[in-house]
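Listed after this line are the structures, all set down as structure tokens.
Below are two complexes that have subunit A in common, paired first with subunit B and then with subunit C.
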Partner chain A sequence: MLLAVLSGFLLAAAVPWLYKLLQGRINWALALLPAGLTVYFASFMPEIAAGDQVLVSYNWIPSLDIQLSFLLDGLSLMFALLISGIGTFILLYAGSYLHGDRDLPKFYIFILAFMASMLGLVLSNNLISLFVFWELTSITSYMLIGYHHEQLKSRKSALQGLLVTVGGGMALMAGLILMGSVAGTYEISEILNNGDVIRDSGLYTGILILILIGTFSKSAQVPLHFWLPNAMAAPTPVSAYLHSATMVKAGVYLLARLNPSLGETELWHTILPLFGALTMFTGMFLAYRSTEIKKILAYTTLMALGTLTMLIGIGTELAIGAAMTFLLAHALYKASLFLVAGSLDHSTGTKDITKMGGLARIMPITTYAAILAALSMAGIAPLFGFIAKEMLFEAVLESNYLTSFLLVLTVATAMLGVAIGGVIALRPFFGARKETPSKPHEAPFAMWIGPATLATLGLLCGLLPFLPERGILSAAVTSVYGEYESFYLTLWHGFNLPLMLSIASIAVGVLLFFGWDAIRARLLWLDKVFAYGPERGYEKALDGMNWTAQWQTRVLQNGYLRYYLLTILATLIGLVGYTLFTGYEPRLLFDFVGVQFIEAVIAILIVLAAVVAATTHSRLGAVVSVGVVGFGVALVYVLFSAPDLGITQVLVETLTVLLLVLVLFRLPEFLDLSSTAARMRDAVVAVAVGSLFTLLLLTATELQLHDPISQFFVENSEPEGHGRNIVNVILVDFRALDTLGEIFVLALAAIGVYAMIKFRAEEYKK
Partner chain B sequence: MEPLMAYVVGGLYAAAIYMMLRRSIVKLVIGLILLSNAANLLIFTAAGLVRGTPPLIAEGAQVPPPGVADPLPQALVLTAIVIAFGVLAFAVVLIHRAYEIVKADDLDQMKSTDT
Partner chain C sequence: MTSMPSLILSTAARVLLPLLVLFSIFLLLRGHDLPGGGFIGGLVGASGYTLYLFAFDSSAARAALRMDPRTMVGLGLVIATLSGVIGTFVRGEPFFTSQWWEVYVPIFGEMKLSSPLIFDLGVYMVVLGSVMTIVLTLAEAEE
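For the complex of A and B:
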């Protein structure tokens, strides 16, 4: 199982070599992998249909209870079959569709990696690994949407898709972690068994909302739907794969997967149908207004995602059954339609459906696929879509919450659906031939085999509904809903309300089909309203983020050293001062008892010299004062039992003064550049910092927080280090490595100094 | 003695910070030197000051006499003095070099990297 999931990544890594070997025919070789996977997963079908589950587990990060475990039950098997099955046709198709494209190997790498991530996502039995695969699909889809990266629109759409889905992913991660901690395990199969723990916990509302944000962003629910139509900037095989059958359904998958542990609450039964129904209708309405074939299909995908969310939200046995049926039907017809759209675009050179006509005679096989798939989408008997739609009506009629609201939107959507189905099935293929940018021709074999097979499957499933039912759908319903009683598929449900609704929607749909051009023209004014839609909010948010970043950079990275210093010092005073005054009792001490005369003189000398250094206008005066400070400090070391420090300080101070005298006099005079106000401000800051350190030192000398560790060095210096100068022993023995580091720093500084001097010398020679 | 040194350290810090906030690069260097002296004295004083008992062991003895000065801060400060000198030497040459190119003593004129 692990190999099955990861094989996509492995093959993706091998693509560059394979491409060199096989060139244009590589798609046939690559398609073998998803085809093989389809067979592999199909071999589980009898077992799963019998009600079994396959559970495989590998330890990944055992200390964090993260396992790489995979669960194959009805739901994940259905998704796995769709992903690998449709993936086979997509790979075949892409090789022909993108023939000769210079980035083709890159495309194969991304799409294979995507396929593997998607398989991992639906098969994962651990919330954390599920999330990892979830994000991988976002990233690979970013690469795929932005495949034509030299186009601005493509890059923008890719970024939009990424930001929306990954933003939602953040919420999802928080939700999953909360859920895992409430349930006490990250294993999905265990979480599903104690849904009551999650539903009864106080965090339930939070968990649900976070997870819904994640799934809604991925599955493009209103108001986060705008990225999906824009993602149509991707090459058509990508749209067919990601945006119809697989990635966008990841959100729906997760909802279905978590239904046993999150569902069956009032919140679930209200939020999901509400957003789902709104998305469903919005999608279909927008589809009706579009003329670009890929846009139409993208919007109908929104409709499908909304429908699925709604059905899962309704959550009755019938609704879940309808959801699974609809999911399968939609994957079959939508992938097929997208591929048809790609063939039309490829063949005619336009994506505008109003500019095509009379192609049936030139592209017979494509026409066949298009008609079957579009009729399935419209929900016309005897196609599989019809069964799904009947069940949808039944489920909505039976729902316990928002019933009439859902029913109105569903019927309206179905009417528009009939019209759209008609437009796609008939407009490009019948009627008068229209002039198109390039001369139309039938798609090559690699490009018609996919849509034709998938569309035929849609017909077969409609005619022989017990095949999908026994094969996979009842198992899928079991894994989402649990034990069911009366789920079965049939074309004929008898003369009942759903059938009446179907007939009514077909009748109105036919009218809408004939009035397509006229009504669309009447609705043009809506463009202005839609300009204020959620996408505008996204753009505003993006602008706002840029503005904030620029503002923050302007304020923090202003380029003035003194403002950086002031910021650091203010932080220092704030943090150290706060700790000092809240945790301890700092007070000024004037306890100079026992100070000897010479010590007092040295102390006063140091302070005076420092003040002179800070105020003098003469460079020489400043250098001399600094020298006085340095030698004064050296005397302090000597007086207070630190002869080594005294010696070093004298040496270093001598060198420093020499260096300053040598270099500073090649620099300009001291200048007073700051205004009086600036000087006052700096003086205040300086005195504040100075006072802070005085207080700190006064407090510190009275305080002993821990026993000093020096005793170790004192005791072991002679026995262990064989040295009688303890400071020296510490430096060259106990802490020798630190000293080595110090030498290294000095050597680096020396190299730097040498390089700068040398560089100048050579510059002069020129 | 520590209270007196606390005021000395405070004074050194104040002078150092004031100089580092100036726009003149030469003054910045002066501030840097004062700052390192101030920090060294801070650590040295915080450990406690004792007169005339350096951390040395007499010949033939295993341990120094009791009440000896703490050797650890001395080792730390010794390292700090040397490093500070390395940094200073580098900074001085760097500033000299920058001055040669930019011909400005004013940090505000060195703000832009595109010269």
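For the complex of A and C:
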């Protein structure tokens, strides 16, 4: 299981080599991994459908109750299958869609890492590891949205997505930690059985609100929805994968996952349906107003996310059943539609749906996929989307809170849905042929296999609904709702209210479809109103932050090394001095007993060298005297039996002198620029820092606040670390994680120097 | 770098470079018990190559290094990180739990191989690679 989750990361690391080896055909090789994962997860289906769970746990940071543990039950299995299954087609598709792109290897690296993070997220059984994977999806999606990094719009959209989701992630982290501390464990499987403890605690409202901020930002609920349509700046396969089938559903996943422990309260039953229904309607309404095919699809994704949030909020067994059915139906048709949109864009050179027409003859397979998927979205029988919609109506009718409000919005959304489904299925493919920027052609195999397969699956699930129900949906409902009494998915429910609502929505939807152009033109004035939406708030906040950053940069980062030093040292004097004089008793007891001659000589040497460095008029002289100070310190280390420190100091000094020599000749001539007053000020600061630290050291040697940790290292170095050199054992064993961080910093510094000197942005643009 | 490379310096550098590299590896290997380790070893190695750079020029130093120092940095980071997960995969223990193996090497007899040593090798490569990246970049800017 661990390997299944991590395989994506490992393969991502191997991409550069594979790319050299396979070039353009690499997508076929890479797609084998998600395909294999799909088979692997599918092999658990009988077991999970029978009501079992698979739990695997690895120790990660056991001292903090953080495990790398995975839980495979109905819910996580359904997500895992969607992620790896759709991922297979996405990889195939991308190889063809982005064929010959310079950054293609990067794309594969990020999308594989994303897939692995997403798998980790849905399989995690520990709140902390879930959060880590959660953030990883935000970061990898940032890379993917900003894939066309030469374009300002891409970078801006990527940053917006990142800031919104990561900002929400902060709230989520606080919520998860609160929940973990209330429940007394971070293991999700245990928390789910402790729902009452959390619901009864005084922190429940806080936990719920924090977690909702996190999930709403990730799943783009109103008013945090604005990042999602902008994320369409990403290449189409990314939009298809992240922004329809997987990442945005992470928030919904978490809500469903935590339903047993957070749900079933009045707060839950009101907030979720309220925001969900608003998002649902807003999304569909905005979709109806758009003409760019990717924008339309992005807004319908908002609709889907809102619907799912609403259904989970309603929380009856039927509603959860409807949510799981809708989730599956949506993943199938939306991924398929996005890929179709990519093929259309690729083939015609435009994204504007009003500029396409009569493509059915030229692109028969794409047309087939588009029609099936769009009808499923519109909720027309016998497609799977129809079953989902019937259940949606039924669940809303049965809800206990806000019933009429939810019903009105749901029906209105369904009407618009029919119209939009019609627009996508019919507009580009039928009617008169229109001139397009490039000559249209059928998509290649790698690009039609995905949409065609997924759309056909949507049809199969509609015709044979017991297959998805027995196979996965029943188990998924069990893990969210706790129990499951068969609700028998079926196309024919008899003449009842949901069917009436369906018929009514189709009738109105057809009218809306024919009036699409006319109504859209009438709604143009809304643009001005929307300019004051939540996105404007985001822009303002960002501007404010930039302004503050610029202001403090002007003040603090003034570009003069001498002022940097002055600021740092003055702050140091202020903070350390304040603490030292208010909190402790400074001691000024010089004790020269036991000082050896050689030590005194070294000390005097260091002082003299420092004085020379500060007063000399020769730059080379200054470099040499600073070197003398360094070597003097190294000698002190050696005298007090710290050979490792001594050697390191000597080597660092040597290299510093060498580096200085390299840059010495590039510096301008030595000049006396500073006034006497400025020098006096510097001297005062220097003497103050020196005295303060002398005082600090003298005080610190007298004071023992805690038992020193060094004793532990001395005692355990040999038995535990198998080494006699304590410094080294600390570096590579006891504190290896710190060292790892340090070498990463070192590497960054090297890259920084390299980039500053070598990299020219103009050379990058070919 | 300088217009006239000194004969003494270049002859010395030719001899000193292999010695210093050997010494740096020696420091790396003995680090666990005696003064040394990846950090110090990497710095000694870097000073050897830097000496070579001063005696000849940057392209000669690059050639002597055999590997692009930037690649070395990356490889070092990968090795150091992977050494931490050995325990996780082999025994299911937390990240960076050290693993020890006794290895029999024909002439030298029993040797201790461990994940901390592999980690230290990563540190060695990162230190050597980083310092050489900086030095070579600066030197090439000079030329």
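As a working rule, the second predicted complex is superposed on the first by the 549 of 766 C-alpha atoms of A that agree within 3 Å, B and C clash if a C-alpha of one lies under 4 Å from a C-alpha of the other, contacts with A are read in each partner's own complex, and residues count from 1 in each chain.
Simple rule for what comes next: a contact is a pair of C-beta atoms (placed from the backbone, for glycine too) under 8 Å apart; a residue touches a chain by one contact, two chains touch by 3 or more.
Everything numeric here is computed off the predicted structure, so don't read it as measured data.
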item: Which superposed partner A:A622 touches (first subunit B, second subunit C, both, neither); value: first
item: Partner chain in contact with A:L575 - subunit B first, subunit C second, else both or neither; value: neither
item: Subunit B versus subunit C as contact partner of A:V39, first or second or both or neither; value: neither
item: Partner chain in contact with A:I503 - subunit B first, subunit C second, else both or neither; value: neither
item: Touched partner set for A:Y58, first subunit B, second subunit C, both or neither; value: second
item: Most subunit A residues touched (candidates subunit B, subunit C); value: B
item: Partner chain(s) touched by A:L746 [first = subunit B, second = subunit C, both, neither]; value: both
item: Partner chain in contact with A:D733 - subunit B first, subunit C second, else both or neither; value: second
item: Touching partner for A:K758 - first (subunit B), second (subunit C), both, neither; value: second
item: Which of subunit B and subunit C A:R724 touches, first, second, both or neither; value: both
item: Footprint overlap on subunit A, where subunit B in one structure and subunit C in the other make contact; value: 643-644, 648, 652, 655, 659, 663, 666, 724-725, 727, 731, 739, 746, 749-750, 753, 757
item: Subunit B contact footprint on subunit A (complex, rising order); value: 559-562, 565-566, 569, 589-592, 594-595, 599-600, 603, 606-607, 610-611, 613-614, 619, 622-623, 626, 629-630, 633, 636-637, 639-645, 648-649, 652, 655-656, 659-660, 663-664, 666-671, 673-674, 682-683, 685-687, 689-691, 693-694, 697-698, 700-701, 708-710, 713-715, 717-719, 724-727, 730-731, 735, 738-739, 742, 745-746, 749-750, 752-753, 756-757, 759-760
item: Residue numbers on subunit B that touch subunit A, as the complex places them; value: 1-30, 33-34, 37-38, 40-42, 44-46, 48-59, 61-64, 68-72, 74-75, 77-79, 81-90, 92-97, 99-100, 105-108, 111-112
item: Partner subunit A, residues of subunit C touching it in the complex; value: 31-40, 43-44, 46-47, 50, 54, 69-70, 73-74, 76-78, 80-81, 84, 88-89, 92-96, 98, 100, 112, 114, 116-117, 119-120, 122-123, 126-127, 129-131, 133-135, 137-142
item: In the complex with subunit C, residue positions of subunit A that touch it; value: 2, 13, 58-62, 643-644, 647-648, 651-652, 654-655, 658-659, 662-663, 665-666, 721-725, 727-729, 731-733, 736-737, 739-740, 743-744, 746-747, 749-751, 753-754, 757-758
